[in-house]
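Heads up: the structure comes next, in structure tokens.
Should a chain be cited, it is by its letter among A, B, C and D, assigned in written order, with residues numbered from 1 in that chain.
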Amino acid sequence: MLLRVLKSSLLNRPKAIVLLLLSITMGAAVATAFLGIYGEISHKMALELRSYGANILVEPAAAEDGADLDEADLKKIKTVFWKYNITGFAPYLFGIVDLEAGGKKARGVVTGTWFGKELEVEGEEPSIQGVRVIAPWWDVAGQWPQAADEAIVGVSLARRLGLKAGSEIVAGKNGRSRRFKISGVVTTGGYEEEQLFAPLPTVQGLLAKEGRISRVLVSALTVPMDDFGSRDPATMTKLEYEKWYCTAYVTSVAKNVEEVVAGSRAKPIWQIASAEGSLLKKFNMVMILLTSLALAASAIAVSTSLMASMAERQHEVALMKTLGADRLQVVTIFFGEILIISLIGGVLGYLLGDQLAELVSRIVFSSKIKSPFWLFPTAILAAFAVAAAGSVVPLRRALLIKPVQVLKG
Amino acid sequence: MKRLAWFLRHIVASRGATPAIIGCFALIYIIIAFYNDEALVTLLALTRSTPPLAMLLACIPLNLAARLFFEIADFIRKKRLTVFLPQETWAAGERVKLAGRMEADLLEKKLAGAGYHCRHGEGFIAAWKGISAFPARFFLLLGFLLLFSGILLSTTTRESVRTPLIEGEPLPEAMGAQGRVEQILLRDRPGLVLARTLAITVGFFDGSTETTKEFGLYPPGSLHGVYLYPRYLGLAPFVEFTPPERAFAFSSYVTLMIYPPGREDSVEVPGSPYRIAFTLAEPRSARDPYSSGKYELQFRVVKDKAAVAEGTVPLGSTVTRNGYTLAFPNAKRIVMTDLVRDRGLSFIWWSGLCMLVAVAVYMPVRLLAPRREMMFVAHGRGTQAISWAEGGKTAHRSVFHGILDAISRDQDR
Amino acid sequence: MILARGVTMLLVWAILVMGLARAYAGEKAALTAGCAAGLVAGTIFGFFLFAAVPGEIPFFIIKSALAAAFISLFIVAAIVWYRGTAAEGDRPSVRHAVVAITVFLFAAGYGLLLVCRLPYGTDNSQFMALLLILLAMLGLWMIVYRLEPLLPNIGMAKGGTSLFAVSLLLFIASLSPRLDLFSPLSMKVMKLIHDFVHQFFESMLIPDHPFFRTDIWNYIGLLFSNGVGFWGGLAIWFIPTTGVTLATFREPLPSVAHVRQAAVRRKLIAAQLRERRRRLFFPLFAGLVMAAAAFNSSHPSVEYWDPKPLAVKADSAGEIVLPVKDGDVDLKDGKLHKYLYQKGAQKVRFFALYRSGELTVVLDACSICQPDGYGQNEGTVICYYCKTLIPLETVGKPGGCNPIPVPFAVDGSGVHLSAEMLVNTWVAQVQSEKKLPGGGK
Amino acid sequence: MPVESGTCIIETAGLTKRYGDICALAPLDLQVSEGEWLTVMGHSGSGKSTLLNLLGGLDRPTAGRLLVGGEDLLAFSEDHLARFRREAVGIIFQQHHLIPYLTALENVMMAQYFHSVPDQAEARQALERVGLGKRLANRPGELSGGEQQRVCIARAIINSPKLLLGDELTGNLDHKSTRLVMELLKELHEEEHFTLVLVTHNQEVAGWGGRTLFMDDGKLVKDLRHERKGDDPS
């Protein structure tokens, strides 16, 4: 009977139903669109955040230019107290050189590094170290360099010089020059895309800096920072210091590394990450705020149109009460109606919002987005939420209707 | 005596017997699964080898047969009584005694108004609407009966022999007939389920007459109750092998299970330390070598566990490697076949059909016109009313109650 | 952590007793007696079992008992289904003794699980168990005599009691990977389906895949995928609750044909429908609990794998032998296996772990932190004291917060350790409270 | 007032209803016995509708005692009062008050639904009984005033109430329809044995009942028992 009543009621009052459906659909559509765009953007941002896979930067302690570190110290990193927590590291040697390829000339940065070097340290198991370990998200179109004269080039530098896998490039500095075969083009999502990456010894030769490196990026398994971890070790008691030292905070691991690399200063790079994190948080806030505003607006729209239809239907409610319907039965009928409409509205809103998100991202971000699977239940839930929030006041109103006053005369 | 009959009937035709026995087997399965990784195979073997278990399994078709019998008997008996459903199902319906007596014409008019068919006889009026689920139940029970009979027969009496069928060779003795495998054909013929078809043509010479018969993939062809179940394909190349010392020359058809390409099989060269391993090379064209006939054999000669020569030889050529010569002038196709004698198989096929029919009959009947019946029997000065419905119960109940009300109102007047 | 576990256990206990009290509202004395006796007996039996039987056997016994209880649910569901054609009253009318025995069994099961769930077989856990039992008794009294009359009127479906109580026991079991039933069930179901398909092909003489179309074969291949075990297991997991729920729906309502007033008839029918809805509460609730148990089982990472240490003894030569494979225990399963060796007052905890293709044995402590021990998570072990994650590959190497390795030998009979060496290493290398300078701030 | 033979279904003592300062119903003492046909007459604003609302559990009195079927309506909660309305009372209005988007059958079934469970065959029977067997699937808009009123009657009696209340139920009907409706009511009253209370200012309608109350300004002016019309064929 309930279904029969709902069916008749929905089919025979098209105007009111369409109005209600519209408000709910709008709410669900806007929520879907916002969340779709938001999901995509935060996904991209998270990708960038992830690009800071390494969390400790080891630099020369001395501030002046040209200071550098000794490559021989690298092995010691595998011998420190927290050696098992250090999952990887990569040395870098930077140099500004003149690049020439296919007739085009440019100044650029050449970076010598380990791509995936087998490192043997006495008393330890051999391990693979290099950028392939600490930056697994680097997307190389082509191959990683295998030979000493092979190099990979950042995607924007490659575009500038018209390079692709298989082409050749000449790097020169102070009269010395090297010819590199490009084995791949790398997309990293960061400043690396402007650089040329070649094996460390080759670049050391090119820059006449044998055995030297500019910096080391270390990736370590650490525990999240807490209040205790961020305290200055200098102010700790012996017991506290012991606990700090034996807890794998990023700071304590950094200190560990610093101790073995001569003339270095190791600093955690979580500052950058946390800055990005707070940006993401703010962005989250804005999106959540906007979404809830949109939802609230459509809830108000639902409420208004329900109020209007309730005014029309107050005779009906009064009659139901006269026939002996208790509050639950009245609510069941009206809420059932709203539930059905919001289900339809949710589906429609999802379809609409999905298109909207795609449109917006095409126009604004000029990128295609893939709507995630969870968006569908979310849209339905948003529709339910809007409908439920919008129907509280009208339903209360309906329950307060006094049959005597309405049916009089 | 009567009690005993009743008791027997209720044990043998009990609704719960089949599920209980299946439950027992499930329990045995679980216990086996605790200790053994091959629980299902073990259970089947156990059932085959343990007579009490086989007898327990045999109780299932027995029970189903009894149920089918009593169901049919009930149906016929009730049909004579004009109301079609068995006694036990009435227990689940409604039954009430009224003080009033009905006026038959009025009652019939009311029943007809509600869309019921009526029949009245000596002191009773029966009314019904819709179609009985009996046919569906019959087919379902029959389906289960056939299924479990099939399973029983299959587990206890299945015999299976694996033997190769080779082109141009006589049929294996296990087939129980004289004949020769004339041709084996594999064709790429994308169908609804199968992508390829296999045709094994067998020629029989029965004295003077000569007949041929073709065996396909599915349903499996049979000969005197023995099914041909092709398992996998192989090749019998004719190989001539000469080692460098020329001590002997091996030349013979060798039976190799080397299909599909990549699969390896080997042959011991008799009276020598040599073993030759073969694989079928991946075809150069898209066509399958087995169906195209363009074979290319990769071989590896092994002498005392050490490979001494390797190479590839296409059909019809000769290759020499490290002094070893291998010629491959001819090849015959092989189908490795299980010759299965299984009387249960056809039962299971028929059971599948029966169950399909049961579902096909039940669904529309239950949805569109479920059986609803009521009966009013004169009972002393009052009326005994019985009602039962397979579906559409709510509407049927309200009609029934309305008519009861009418009867007792008539009484009041 | 112990506290959290204790609270969970108590909550489940409260729900269990509340449900039983609802089911047997009229049998308070029998209920209370059965519950109390069962809890105490179960706990004592549990401690006795763990003390008397070494290794994994107690777990195996308890797990088997749980499995038996789960299987009995199927029997209950089948009986309810086949008996469900005649309408009866909503409350089962049973004797005091039956009530007492029923609740005794459930409470004993709970007590057993209580023992399993308490970490470490130390004196500490006996104390905890005692405390929990006391609290539970208090709760029992409160619930049965105070709260039960306040509960809303929910009917009891036939078979609902066992469904409800067993599902709660299964829920507790699902919290600990060792007792969990759902995961093994999924595995067995996967195996069964796999075997069945093969057997079916074989029996029905259906040719093998070289003849099938690739897409069709891919569909058949779905039956061999990993998900099949999970979904098939899930289907079996819910058969009892679903069966009882449907049986309750199938029960015919009492006839109202004798009533001659239509409105009265309708009112009776409405009341019957309402009553039947109420009776569905317990089966549906049990279904919910089973779902939670299945969820727990498939998300075990919520909790670190931290088995209760098995007490081991040294033989006369002072050697401890850990069999590599012993019944349910398989040292090579990639999981942490904890052991406890006690010599005089000195206890040594250590664990064996199979990682990177070889076995290793280490102390359940590192040389820098307090010996809170380790738990295992995916790919790492965690030091409970400093919460440092240690990659599994490096377990067995000294240094950092890694567990202290000990020398050991593996041969056909198992892992051999020297008891003396164990104690010496522990005493020499493990930090304990008294060795810390200053003893805290 | 002499006490009727048979049990009392309505019993009031000092029943008062005030809307602010306006006294809609002065203290009223009334007893109605089961199965009686009572007509309440008076001008507009004489308090007769107020009395009806109080009897039907639609409104609560300001003071006094009100027993219907032996139960004190004043003690009822809101939902209990709703239950009283669906189980014990049937109300027929002048304006019919049918739900416009439901068919005649569904309108009747609605009352069943609120009461317990809907029963289509029974609802159809009830409509057949009021002579609407052929208009089951019509919506109220497609029915004439008299037909609508008969749907209302079917709906009011479907739950076998002890008390049937009619508020100017013939107010919108012409003479012929009025007569048809009154004859139907008479027939049902005889069969179903409910107590009927009709509020009207139509003298003719009053004649169908066996007892008439005259009200004015919220006060009971006259309580008259008389011959019933329709008993003698005219």
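Methods note: contacts are C-beta pairs under 8 Å (C-beta built on N, C-alpha and C of every residue); 3 or more make two chains touch, one makes a residue touch a chain.
Quick caveat, the model's predicted, so the values are computed rather than measured.
Placing every chain at the mean of its C-alpha atoms, the farthest one from chain B is found to be D.
Looking at contacts between chains, the pair that accounts for the most C-beta pairs is B-C. Taking the mean of all protein C-alpha atoms as the reference point, the chain centroid lying nearest to it belongs to C.
Chain geometry summary: the mean Cα position of chain A and that of chain C are 38 Å apart.
Centroids of chain B and chain D (each the mean of its C-alpha atoms) stand 69 Å apart.
With centres defined as mean CA coordinates, chain B is found 54 Å away from chain A.
Chain B and chain C, compared by their mean Cα positions, are separated by 40 Å. Residue positions of chain D with contacts to 2 or more other chains are 87, 112, 115, 117, 119, 122.
Shared interface positions of chain B, defined as residues touching 2 or more other chains, are 401-402. You'll find the chains touch as A-C, A-D, B-C, B-D, C-D. Chain A makes touch with chain D in their complex at residues 1-2, 4-5, 8-9, 11-13, 315-316, 318-327, 329, 402-404, 407-409. Every residue of chain C that touches chain B in the complex is listed here, in rising order: 67, 71, 74-75, 78, 82, 85-86, 188, 191-192, 195-196, 199, 203-208, 210-214, 216, 252, 255-258, 260, 262, 265. Those residues of chain B lying in contact with chain D across their complex are 114, 394-395, 398-399, 401-402.
Listed in rising order, the residues of chain D touching chain A in the complex are 49, 53, 56, 58-59, 78-79, 82-87, 89, 91, 93, 95, 97-103, 106, 109-115, 117-118, 155. Against chain C, in their complex, chain A makes its touches with residues 81-85, 87, 221, 223, 237-240, 242-243, 246-248.
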